[in-house]
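Submitted below is the structure of interest, expressed as structure tokens.
Note that the chains are named A, B, C and D in the order they appear, and that numbering of residues resets to 1 at the start of each chain.
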């Protein structure tokens, strides 16, 4: 029904122009396109720097510190180096698919940022189905990844791509279910509305939802401990084993752009987005994105990788039932009107529920490593 | 402390069971006939009081007129050890029975001896060259290999 | 197997890594920050004492790689050998130190210099003149404890505090 | 519904991030499940046994450094034991203690790498590996002080060690010994109870005790299968009978047990060093041994418990200055015998960690 509406009314669904914006829709569109591209590129450089330096320090070494002040220009140097490299295409590769794969993977990663608010109303398109749009778009990257794995005609690539497809298909479900809890409380699918509705960050109201979303999001974008699509110790580099030069740079960009995207979504849905005292909203937003990304770096530094069957079991036997239960409890609370009236009670109850559920579920129903598939 | 069993004592035990199979016996080793090597090996592995369940290593030495293949056996239960040798006089096409059926640990080592000395082990499940590639000429650890 | 659940092990691990974030890194920045190498350093270069060498060739015999080439002539008047050619191909040298240990006249030492990379293989061959002791190339204390005493002490990582910020 | 699948062959290595060198496995996979595996060796074959036949007894010691290049001191030790047995050389007391200290330090260093590499194979992105390298670096520093080099030490000689310990060695070792247990606790905190590691490694790649013995497995892999067999205890060489230490074993013989076994062995090594440091006497460190040894005709087998297992040198002498035959018993190679049985039916990811838990060095496999 909604899609029919959307097509029929066309632009009508864009809430589009904030009232004080000088110029029309097209200026808005042009400005934010530039902002989004600039934001993604600079943030990718920023997070690469954070990842390498932060991980270096956690591993008792320094990380890159030679190019520029504090090594800040290292991502630039990397980019220049990788762009100047020879572009090698395997003889047996499916040339067209091999060539197209990075583009297909990159476009959705960029498109996600269209609906992410940097400040109140400051976003490319304030879709009233923003979160649905994100869910739909974000899994398109998988097609690119699978094209890369298939087109390279390399067995490692194929293994990596198959793992990725399996993981993304499974993890979409808990991801979406974790979002629904937030949507229920906020009462809107629009990203901007969700932020506006957060008088307190939703992580307090939805602790279990946050955990589920964080785990599922990490799996969705191949961050450790779910990075087994490009597990370097097992299948060399996974789907981009055969990529080099510019195309490899694209995949590298996709990897980090997706990480930034998931961080941005997490901080929009759970951490209050651009809201914060004193500092300007866009700065708050960037700080929060960086913090979430740092958490990902932190887990990547510490945790071993899980196996593919454990990955699937984790999605279906742990995250999925937990998400359902979380959704059920949230729905009851929303029916009872808690989010508006008994906010403190909801915080306490939900934290208790989270701890209780995790304990019970891992005590009786699920343990990592159960249910190995025998041959 | 691992006790090195006297070859003479063990030779006596073997002679009882398989008369005429021991060629020579010294204080710490004994040399057996190639034909009865597998039987003796099984006897050494299973006989009470010996129970050599652990094969430390297998190796060969080229003495120009013959190859001596040495099996160093020990028993983790009784903590004693023994070196059993077999001599292979054929230089063109030396062959020995494989002991992989008794001690799986001999698998790679027999392949290694095959590779580097050219001694074939009959009954080995996968007797291929191990370090050098198929088609390499000669067997490097033979003394006449330059 | 009580501890296998609830994420306690994961949380413990996370504390360890975050604590390392606040510690000093263990690495040092090589060209600016140089550590003293061992007093007994066995490097790529050898140092030869022209006065003490009698040209007996023990070093060449001991060398397992055959990297030392020594050609001598007999000086009948003084009843000794004259070393015509003494060459070490440091490209073949495995720095085992057996030649230094074998020299009966204490005429061969290791050099304490470690930055001796070359661009060409041919430059790796050390001739007679390049093997003498110079201020840049000090004698290493390998096998000669009295020489070792004169060298600066080795910087040890065990003495570097990395646990506190 | 049964899906019809078709196995395919994957060539792992010789250049692969986690084959620990140039080792190759032809893996037959059915989807992700390992159906068959054939290890292929020889990419690092240097013919050390053949080379040894043309070198003097002293000249072989640098060759042994290059066998298992992360535990060179132990290789030297095994070789020197064999030569001493062959030529009947008596080693001075102080040299024996130095050997034990050095060899146990080397064991810690090698086991640190083994554990670190195993955890790295499990996917902990270099963190445990780098932490353990940090401690290994401290040990290597001590070795550099003693022998002048950081990897190929060439320190032990038939009849002792090449030179005495420098006087600053024992204080530095003391400092190391004081800090090491703290770091070991830290490693345990990092990953010992990690749920993911337990899920990955517990029950994976089980090696039963009978099969381990039958396959001539030795070292930590054997002990992790529950066989209490340590050459230091059961056939004490050098002066190991003077020290009080335990031989830890693990019950199950899976990857996690092998990992724990190595950590426990490090602690035991620390105990041995502690005692040796207290007892070390002064005196000469090298027996009067001629440069060119002419051992009597005969054969000798010198073996030690090296970090990978039983490392032995089987020397045959013909009374010349070079051994007639020098056979090396490589623990890495022989420990791989059971690999095929251990990995069949597990997944690719398990193959990597099972292989990592065996802990091989290709320099020793191929020789």
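As a convention for this text, a contact is a pair of C-beta atoms (placed from the backbone, for glycine too) under 8 Å apart; a residue touches a chain by one contact, two chains touch by 3 or more.
All values derive from a computational prediction rather than experimental measurement.
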Select the chain at the greatest separation from chain C, using centres from the mean of Cα atoms. A
Rounded to the nearest Å, the gap between Cα centres of chain A and chain C is 52
Distance between chain centroids, defined by C-alpha means - chain A, chain B (Å): 62
Measure off the straight-line distance from the CA centroid of chain B to the CA centroid of chain C, and report it in whole Å. 44
Would you mind listing the residues of chain D that make contact with two or more other chains? 127, 131, 134, 190-191, 194-199
Pull out every residue in chain C that's touching 2 or more other chains. 4-5, 7, 10, 13, 16-17, 20, 26, 162
Per-residue multi-chain contacts in chain B, two or more chains: none
Checked against the stated definition, the touching pairs are A-C, A-D, B-D, C-D
Chain D-facing residues of chain A, complex: 55, 58-61, 155-156, 159, 224-225, 227-228, 231-236, 300-310, 367-369, 374-375
For chain A, which residues are in contact with chain C within the complex? 54, 56-62, 65, 298-299, 301-303, 358-359, 362-363, 367
Chain D partner contacts - residues on chain B that touch it in the complex: 1-2, 53-57, 59, 61-62, 70, 72, 76, 79, 83, 103-109, 112, 116, 130-133, 140-141, 145
Can you list the residues on chain D that touch chain C in the complex? 55-56, 58-63, 127, 131, 134, 137-138, 141-142, 144-149, 152, 154, 162-164, 166, 168, 172, 175-176, 179, 182, 186, 189-199, 291
In the complex, go through chain D and note every residue touching chain B. 41-42, 45, 47, 49-50, 211, 213-217, 227, 229, 234-236, 301, 303, 310, 312, 314, 316, 324-325, 327, 329, 333-334, 336-338, 366-367
